[in-house]
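First, the structure itself, so that you have it in front of you.
Chain IDs A, B, C and D follow the sequence of writing; residue 1 opens each chain.
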Amino acid sequence: MDKKELGEFIKSTDQDLEVKEGIQFAEVTVPPSKLHPLAKMLREAEQTQFDFLVCISGVDYGQDLGTVYHLRSTKFDHTVVLKTRTSDRVHPLLDSVADIWNTADFLEREVYDLLGIKFANHPDLRRLFLDNSWGFPLRKDYVDDINIVTK
Amino acid sequence: MLLNMITANSLQLVSAPWWRVLYDFSSLTKSIDEGLNNTMGHFWTVVTEMIIIGVLILLFYAVIGLFLVYAERKVCAFMQNRLGPNRIGPFGIFQTIADLIKLLFVEMIPIKNADGFLFNLAPFIVIIAGFMALAAIPFANGLHAIDMNIGVLYVIAVSSMGVIGVLLAGWSSNNKYSLIGAIRSGAQIVSYELSVGLALITVVILAGSMQLSVIVEAQRDGWFIFKGHIPAFIAFVIYLIASTAETNRGPFDLAEAESELTAGYHTEYSGIKFAFFFLAEYMNMFIVASIAATVFLGGWMPFHVGPWDGFNHVMDFIPPFVWYIGKTFFVIWLMMWFKWTFPRLRIDQLLTLEWKYLLPINLVNVLIMAFIVLMGWHF
Amino acid sequence: MEEQVKNISTDEQQEYVINMGPQHPSTHGVLRLVVSLKGETVKSVQPHIGYIHRGIEKMCESITYPQIIHLTDRMDYLSAHINNEAVCLTVEKALQVEIPDRIKVIRTIMSELTRIQSHQLWWASFGMDLGGLTCFFYGLRDREKILDIFEETCGSRMIVSYNCPGGVMYDLHPNFQQKVKDFIKYFRKILPEYDQLLTGNVIFHERSKGIGKLSLEDAISYGVTGPSGRASGFSCDVRKHEPYSAYDKVQFKEILFTGGDTYFRYVARIQEMWESMNIIEQLIDNIPEGPYAVKMKPVIKLPEGEYYQRVETARGELGAYIISDGNKNPYRVKFRSPNFVNLSVLNHIAKGFKIADLVAIGGSLDLVIPDIDR
Amino acid sequence: MRSIINYLKEVYFGVKSLLVGMKVTGSYFFRPSTIVTQKYPNNRKDLVMFDRFKGEVIMPHNEKNEHKCTGCGICELNCPNGSIEIISKTITTEDGKKKKAIDKHIYRLGMCTFCALCVKTCPSNALAFGQKFEHAVFNRELLIKTLNKPGSQLMKGVE
């Protein structure tokens, strides 16, 4: 399916989803509560079969924190982008997709480590790169006077 | 005073030119023995001889160890398209001496929670095992510290004592890698002892004696590897494999297993204690190689081909000691060749190789050899 | 003394935990694996990473696009050129710059040379992991020839920084074509030697066959890409599925196996070296004439939006995900690094094997630690 | 019987594969001409680097001690890790005009990653790469270099 068909298909499953035809891929903005069901549906539906989670990118949108999921189907070779965001900057919590794709285990730990987004139902949510006492460096409001040198 | 007398005596007794000694050391050693007996009592003679032999073996040990380290580095370098050590001295021949000096001066790091006594004892056990084995090896015609009538058995027994040192080192270091390495080494040496023993027994059947001098003498008209048909050759190959494993050398260097256990049982050792382990590894290699040379390749016996008298005379002209060293180094070179070609085995495969392949082949081989000897089919 | 005995004793409940790394010969860098053992059998492997986390993604947010390229070199330093290409292609895609054929061909040849040299180093270090130290020197000896070609054209050997948005930094050196041809001729003779030394060896077979088996479903679910994934039958070659640069103009096979164990991961890489040589041979004689770089604006600003570009590095799929807010600095850069994802499968496939196998499996996944940590 | 034949076959092919491997290393052992390593510090004299080799950033001066750097600061802007710092001064030219010129072009070799952006983007081609590659020093301060030579001037005709 190309990005247009994909967008229509996703739209047909749930009218509330915000589907945008991006520059490259169909981009779906999902509220956090619907993320896990949608991901599961996309993984299992006969027409889509997104069995390969390419990457999870955590993004700090300024006000919100969000994650971007790039999904690909190895059978149909089509890609879709799921985006979800939460406005809670103190205790951001999203649903983990580690039970759908095993690779999400590490990718979500990375997002948690660098942006502080917690994932519910994650099997082993620990920090990956940094110390527990460290802040969340990929947030835009992260300040570190010692390690960040600005010209 | 004493030395003067020894030299005077020996010069008196050896009427032939001095280089005759190279072909038969027995007259020299006998004259030394007699000279000592004449000047002092029997007890002190034995003590003096022990000291002389001890010092000689110690020197030999050090020289051979240093040379083998250098040789190994050069051999592996040439196999790997490298130059090898080339800084100190011409072609880098003093490299190992420089390394030794460095190891002597390097700090010995005390290990917290290590069992101090055993930790310090282990390198000595390893090195003593090497010394003891060296005593029974016939280096040349008449150059033989002790000629025991159970020489082969003695060498097998003594050379496997080193594993106690390895086990102690691994356990007392209080390091997990060391412990794994030591336990691996234990399992490995216990199993490969069997193959070494059986491979040597194949030859003992052929020679009819366990005395190393008799075994060498029996090869005057042909080395056992040629005389013993195929079984002797198979025994030689098995002996090579098993003895490589027994000395913890690649591809059987599981006890050290650099890429798995960093340095295995001697991870925590530093300075001269590490040097002992290092030296002992090369010395063990020398010992197993010289036994292989003695038992299979005729020891110091020159290479003789039955009816070719002229050829045999030319071969006789090369001193026995050179023959012995040459054969030993050839076997050592073979072992180095193994080490620098093959990947390492896994511990279960190592044991599989022993119990599933080497041992059955060896047993059948011993049977065949016994049959051949019984029928008198050997040369 | 009593305390000491308590530390060493292992009962049924207590696990024998060893730390492999951060300074360990087999991890090729500062990767720490906490390995729980039972006897010599691995019960679980917990990777602890971050020892060389430099925050490349954070750094990228404060520098311009041409400057990002020199940082991507330092992620997977063995496929530095291909990493550069990922960023360059993203920038060019965003700006909709038409890239002349010459640049595409140059980039493809360079990428394939990078792939060969990366696999050579992998072969070298994999042999060393298994205890065959000679492999290391043979691999490096042949790699040196490619590095010389790089040095002559790009000025540096490993971290080439040869790509720039809109083309490449310098034109090809006049000797380039001849040297590449000589190398291919030489390496076609040498590669069978690799097989003689390791591939055919019975010890190697014992050490690798059936070790660390990764099924196709798990490979996809864990996202294991590159030769490691293709050895399990996961058709994930970006060069085939989404051709970039000049890959749509050349004929080559995607190396696919179904075995999925250490042996097939090994063979997949050896076969890839042959395929890479095929690709180079198709291109080296007909490099089109033209400029080596498109004139770009002095300050590159991407239009607002999100851009994702994937390329096939020597270790798998590298994705560059750039969110731009229209400034000269990106808003957010995310690299989907192949090694990071490949590492996550280690616990799954190493369970139940021996320590020696763990080393072999780690070697066959071909992990480059700076790419994991970024 | 079949299992015994298989067993012997296994042994035969196993040993054969080992011998094939030994052939490779053994053949190299007897061919010292294939040695590729060099005696590095000894061959320093005839060691020639490739002409594009990125050893260090230099500022070529001509025989009249003139360079081409106008002090525009583009290299400083383009350097990703801030290893270039330009200290400029104001000079009075012959015809009495005040002009900005370079006082010191400071280059921190220790921070340089050899990305070549400064050399590529320099509008007047004032920078180049040097061939020197032995940069080890005992003091970190020595890695901070001033590229323009003392008393040097801007080349005529370079703006």
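Rule of thumb we're sticking to: contacts are C-beta pairs under 8 Å (C-beta built on N, C-alpha and C of every residue); 3 or more make two chains touch, one makes a residue touch a chain.
The structure presented is a predicted model; accordingly, all values stated were derived computationally and were not measured.
S.K.: After chain C is dropped from the contact network, which chains belong to the same connected group?
M.R.: A | B, D
S.K.: Chain with the smallest distance from its CA centroid to the overall CA centroid?
M.R.: Centre-most chain by C-alpha means: C.
S.K.: I want to compare two interfaces, B-D and C-D. Which one has more contacting C-beta pairs?
M.R.: Top pair by contacting C-beta pairs is C-D.
S.K.: Using CA atom averages as chain centres, what separation in Å is found between chain B and chain D?
M.R.: 51
S.K.: Once you find the CA centre of chain A and the CA centre of chain D, what distance in Å lies between them?
M.R.: 41
S.K.: Please compute the C-alpha centroid of chain A, do the same for chain B, then give the distance between them in whole Å.
M.R.: 65
S.K.: Where the centres are mean C-alpha positions, what is the separation of chain C from chain D, in Å?
M.R.: Each chain's C-alpha centroid was found; their separation is 24 Å.
S.K.: If I count partner chains per residue in chain B, which residues reach a count of at least 2?
M.R.: In chain B, 79-82, 340-342 touch at least two other chains.
S.K.: Do you know which chain C residues sit against two or more other chains?
M.R.: Counting only residues that touch two or more other chains, chain C contributes 134, 141, 197-198, 201, 203.
S.K.: Which pairs of chains touch each other in this structure?
M.R.: A-C, B-C, B-D, C-D
S.K.: Taking the complex as given, what residues does chain D use to touch chain C?
M.R.: It comes out as residues 13-15, 17-18, 20-21, 23-25, 36, 50, 52-54, 78, 80, 113-117, 120-121, 129.
S.K.: Enumerate the contact residues on chain B facing chain D in the complex.
M.R.: Listed in rising order, the residues are 75, 78-83, 86, 337-338, 340-342, 357, 361.
S.K.: Please output the residues of chain D touching chain B within their complex, sorted ascending.
M.R.: 11, 18, 21-22, 24-26, 28-29, 32, 34-37, 39
S.K.: In their shared complex, at which residues does chain B touch chain C?
M.R.: Against chain C, chain B makes touches at 76, 79-82, 113, 115, 174, 176-177, 179-180, 184, 250-251, 253-254, 257-262, 340-349.
S.K.: Within their complex, state which residues of chain C touch chain A.
M.R.: Those in contact with chain A are residues 49-50, 53, 55, 57-58, 62, 218, 220-223, 234-236, 241, 305-308, 310, 317, 319, 321, 323, 332, 334, 336, 340-341, 343-345, 348, 373.
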